[in-house]
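In the two complexes below, subunit A is the common chain; its partner is subunit B in one and subunit C in the other.
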Partner chain A sequence: MQPDGTPPVLELKGFSYTYLEGTPRASEAVRDVSFRIHHGERVGIVGATQSGKSTVVDSFAHLLRLGQGQVFYEGEDVADPGYDRGRLRREIGIVFQQPDSQIIEDVVGADVAFGPTAAGLSAAETRERVEESLNTLGLPYQDYRLRYVHAVSGGQRRRVAIAGVLAMHTPVLVLDEPMAGLDPRGRKELLELLIKLQRDRELTLIVCSASLTDASLLCDRFIVLDRGTVVMDGPVREILGEADRLAELDITLPEPVVGAREMQKLFPDFPTDLLTEGELESELLERLGVTT
Partner chain B sequence: MLELQRNVIFGQFVETGSVVHRMDARVKIAATFVLIVASFLIDDFLGFAVVLPLLVAIGVVSKIPPGYVLRGSQIFLAFLAFILAFQVLFYPADVPESSYLWRWGILSVSTEGLHTAGIIALRVILLYYVTTMLMLTTSLVDLTNGLELIFGPLQRLRIPVNELVLVFVIAIKFVPIFIEEMERLARAQTARGLPFDEGGAITRARRIGRLLVPIFISGFARADTLTIAMNTRSYRGGRHRTKLRQMRASPSDWLALALVIAWILVAWKV
Partner chain C sequence: MIELDNVSFSYRRGEPDVVPALRNLDLKIESGQLVAIIGQNGSGKSTLVKLLTAVLYPTEGEIRIDGVPVDREHQWDVRRKVSVVFQDPDDQLIMNRVIDDVAFGPENLGLPRDEIAERVHSSVSMLGLEDIGSRLIEDLSSGQKQRVAIAGALAMSPLYLILDEPTSLLPVPVAMRLISTVRDLSLRENMGVLHVTHSMYEAVLFERVVVMDAGRVILDAPPAEVFRDVDKLREVGLDVPLAASLAHRLRARGIPIEGDILNTADLREALDAALKSSPSG
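Coming up: the complex of A and B.
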């Protein structure tokens, strides 16, 4: 509960999940995961592969066989009998790691319109949202609305997938490895776009990644998973301050943090809670006694 | 939520470290072949009743939980029941009037129809069970090696055994991959408002139909990638390939095969 009495947007309470439970091929994905995410937060769920990130993401929209008392959306147990899962999925937009998996229609415009039409919006409102979403993602509506989804590039398909989720105007946006497969320019553009979107729409933004490179610029808080359990949870700088531990967990560190770790060979107390190259440079110059 | 992998066990390998798992793959394939032949030879309930303890013994020794096999066979059993209902209701042979238990127009239920459907059901279940157990207890590598060694002599007749076995094994290998892919697609599309965990059986089946196009596209892409990967690693058919693992059948493996053959002979002759 926040000081004003509003419940967290998302809350996991002792969430455990085993795929194919009760069969010889059962595999435990997460164990006793607990955290709260409040409205407007920008949270990074980070961890190496097989750490349980995607399972946690799937639990948000009740895409697993959930038991009661583990996953809550705005204070309500999503596994309660009679809980409106349709509404939950209209409010939590998820962009999956592989964009192809969530593209339903063959044509770009029709695919982006899928969510709004499923929610029962009028044709005019749907068209407005499709146009707005495609334009926002740098895919001009007039040029792209009639293109075949499988004929556009991988990076553009990812944008189509994101546009499809944006068009639903969900208050919560979850992105699973949003930068995977994008070139440096595409990553930079997407990063700027997400920051703008979060600010303009006051979204609750959740980003899953095995790399802190982009997530550190996008998020205010990190929840670190390792082999299915939460091992660290705190503000970004606090987490980056424990760079050695993050490296041990096979998490890719941002460039400034990698540089700071190198500097620790010269200055053992060199801080690693740095977000930008500029911060690294300033810290180094200060250590060297150079004034600018 | 949709968890297809729970309901389909075809093509899966489950390692339990049992005696059956450790048996030579060639012996297991031969025993499976004997049981498949038996399913065609045996034509009365008593014969199948004699085979039953053997099948139960294989299940127990393999340590594969029977609940897992049963749950994973639900779709198959439902399909079989559907087919058999037609077999009974439209039984075509001449049936004496006294054998009819129920009749309505062209539909009927007769003792002959029930008997024939029962034998067909047992045959199909035996076929399904033995092939499923072979796959559940034999890794794909062993299955491939075993099949290549068994059919190897046919290469002298210029039959491309290695290539045919490879095609067969890849086909089996793709079943669980497709199921996993289908699950992933279903989850992603559910998140976008096309729920696969709501509605009746027909609604769900229609929604699964929507996944066929993306599944085919990804299937072709996978096959293409696999072909390129094999070519870049110098694959040129199996004839000149050496084997990493040499297969050796122990006396107990041969004994098990002899036991299966003897058991089947008894079941056939009773």
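Coming up: the complex of A and C.
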């Protein structure tokens, strides 16, 4: 509960999950994971491959039959008999890592329209949503609506997938490795766009990644998973300050943090809670006695 | 040797919306050389890969691979000399089990059975896949799948291995281990490697870095030299390794950073030296 009494958007309580439970190939993916995510938070769920990130995401959409633990959406247990699970689909938008896994139509406009149409919106409302979503993602509606999905670049395909989810106007947006496969310019553009989108629409944003590089600029809080359990949970800078611990987890650290750890060999008190190259530069200049 | 002689290529040639993708490219790559090719999307990297694998043919100019011209008539000779690994291993893995997939290429060359077995065995062991040889490909992680794809390419015994962004969907530590394996292979087999990547941290590990922009080569030199040209790289939308960029900024502040700076350890050493030589430090 927050001070004003509103429940968290999402809460996991003692969530555990084992794939193929009861068979010889059973493998435990997550164990006793608990956390709360509040409205408007920007949370990075980070960890190496196989740390349990995707299993946690799947639990949000109730894609897994819960074994142990509970998942609450807006304070309600999603496993309760009679709980309207359609609500999860309407309110939690998930963009999976491979855009191709969620693009179903051949033509960009039709693909983005799929969700709103299926949700029962009128043709006019749907058209408006498609136009707005494509424009927001820098794929101008008039230019892109009739293009073939297979004929646009990988980065554009990812944007089409995101547009399809945005068109649903979900208050919660979950992105699994949103930057994978994008070139530096594409990453920078998508990063700026997501930051603006989150702010404008007051979205609750959840980003899953094995790399903290972009997540540290996009999120204000990290939940760090290691082999299925939560090992750290706190504000981004606080987590980055514990770079030595992070480095043991096979997570990609942001470049300024990597640089800072190297500088600790020269200046033992060099801080690691740095987000940008500029911050690293100022710390260095200070220690070199150069006035800025 | 791979030789490109004044090569140009345009998509939709002769139509009003013609797209020039490569313009008057001259490039020579020695056998056994480790080359990284960088450039943003649309710079011509993928077109270059398609030309080198005889999927497309030059609109103008000539390409020769080990003396064999890249044209329709010689497409199969060309494809015996180069193997390619794509961004997404699912695009090129076709069999169910690991060793069957690695054997697929040599089997289609019609090689004798014992030679196939020998090639599969050596490719599998070079990529460290011995323990998972009989597993189903669908059960593997993306990093393991990419290793299987590379083993399959190697089993063709190519003169050149072309890697078309094979690491862009992999977590960084997995990508780095893969590049390290490829380097070892290249040195051991004297096989040339052309690695197309967006990662500057991978590019610095190669002997030579070719930077492309708008269908042209704009820089072509060892990494230390290429990554000194911070402004030019930024201009064409490329990242610069943080250490190289910081060195550039610190030099601009009058701090004497000497030598080639490719990683943060280089930078730390250069700073250490600068501190020791400065009168106040």
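Following the convention adopted for this analysis, the second predicted complex is superposed on the first by the 289 of 292 C-alpha atoms of A that agree within 3 Å, B and C clash if a C-alpha of one lies under 4 Å from a C-alpha of the other, contacts with A are read in each partner's own complex, and residues count from 1 in each chain.
One rule holds in what follows: a contact is a pair of C-beta atoms (placed from the backbone, for glycine too) under 8 Å apart; a residue touches a chain by one contact, two chains touch by 3 or more.
Quick caveat: nothing in here was measured; it's all calculated off a predicted structure.
Trainee: When the two structures are superposed on subunit A, do subunit B and subunit C clash or fit side by side?
Mentor: Taken together on subunit A, subunit C would clash with subunit B, as the superposition shows.
Trainee: In the superposed arrangement, which partner chain does A:L64 touch: subunit B (first), subunit C (second), both, or neither?
Mentor: So A:L64 only meets subunit B here.
Trainee: For A:K265, decide between first (touching subunit B), second (touching subunit C), both and neither.
Mentor: second
Trainee: Return first, second, both or neither, reflecting whether A:A210 touches subunit B, subunit C, both chains, or no partner chain.
Mentor: second
Trainee: Based on the superposed arrangement, let me know which partner A:T49 touches: subunit B (first), subunit C (second), both, or neither?
Mentor: A:T49 contacts subunit C only, not subunit B.
Trainee: Could you tell me if A:E279 is touching subunit B, subunit C, both of them or neither one (first, second, both, neither)?
Mentor: In the superposition, A:E279 contacts neither subunit B nor subunit C.
Trainee: Which partner chains sit in contact with A:E76 here, subunit B, subunit C, both or neither? Use first/second/both/neither.
Mentor: It touches nothing on subunit B or subunit C.
Trainee: Go through the superposed model and pick first if A:G164 touches only subunit B, second if only subunit C, both, or neither.
Mentor: first
Trainee: If the two structures are placed on top of each other, which part of subunit C overlaps subunit B: 41-49, 113-121, 185-193 or 203-211?
Mentor: Stretch 113-121 of subunit C has C-alpha atoms clashing with subunit B.
Trainee: Please write out, lowest number first, the residues of subunit A touched by both subunit B and subunit C across the two complexes.
Mentor: Touching subunit B and subunit C on subunit A: no residues.
Trainee: Which residues of subunit A touch subunit B in the complex?
Mentor: Residue positions touching the partner: 20, 22-25, 58, 61-65, 85-86, 89-90, 92-94, 96, 98, 100-104, 114-115, 118-119, 150, 164-165, 168.
Trainee: For the complex, which residues does subunit A have touching subunit C?
Mentor: Those in contact with subunit C are residues 48-50, 153-155, 180-186, 210-211, 250, 252, 255-256, 258-259, 262-263, 265-266, 277, 280-281, 284-285, 288-290.
Trainee: How about subunit C: which of its residues touch subunit A in the complex?
Mentor: 40-42, 87, 141-143, 165, 168-169, 171-174, 198, 237-239, 241-243, 245-246, 249-250, 253-255, 264-265, 267-268, 271-272, 275, 280-281
Trainee: Across the complex, what residues on subunit B touch subunit A?
Mentor: 1, 3, 5-6, 12, 14, 16, 64-65, 67-68, 71, 184-185, 187-195, 197-198, 210, 214, 217-218
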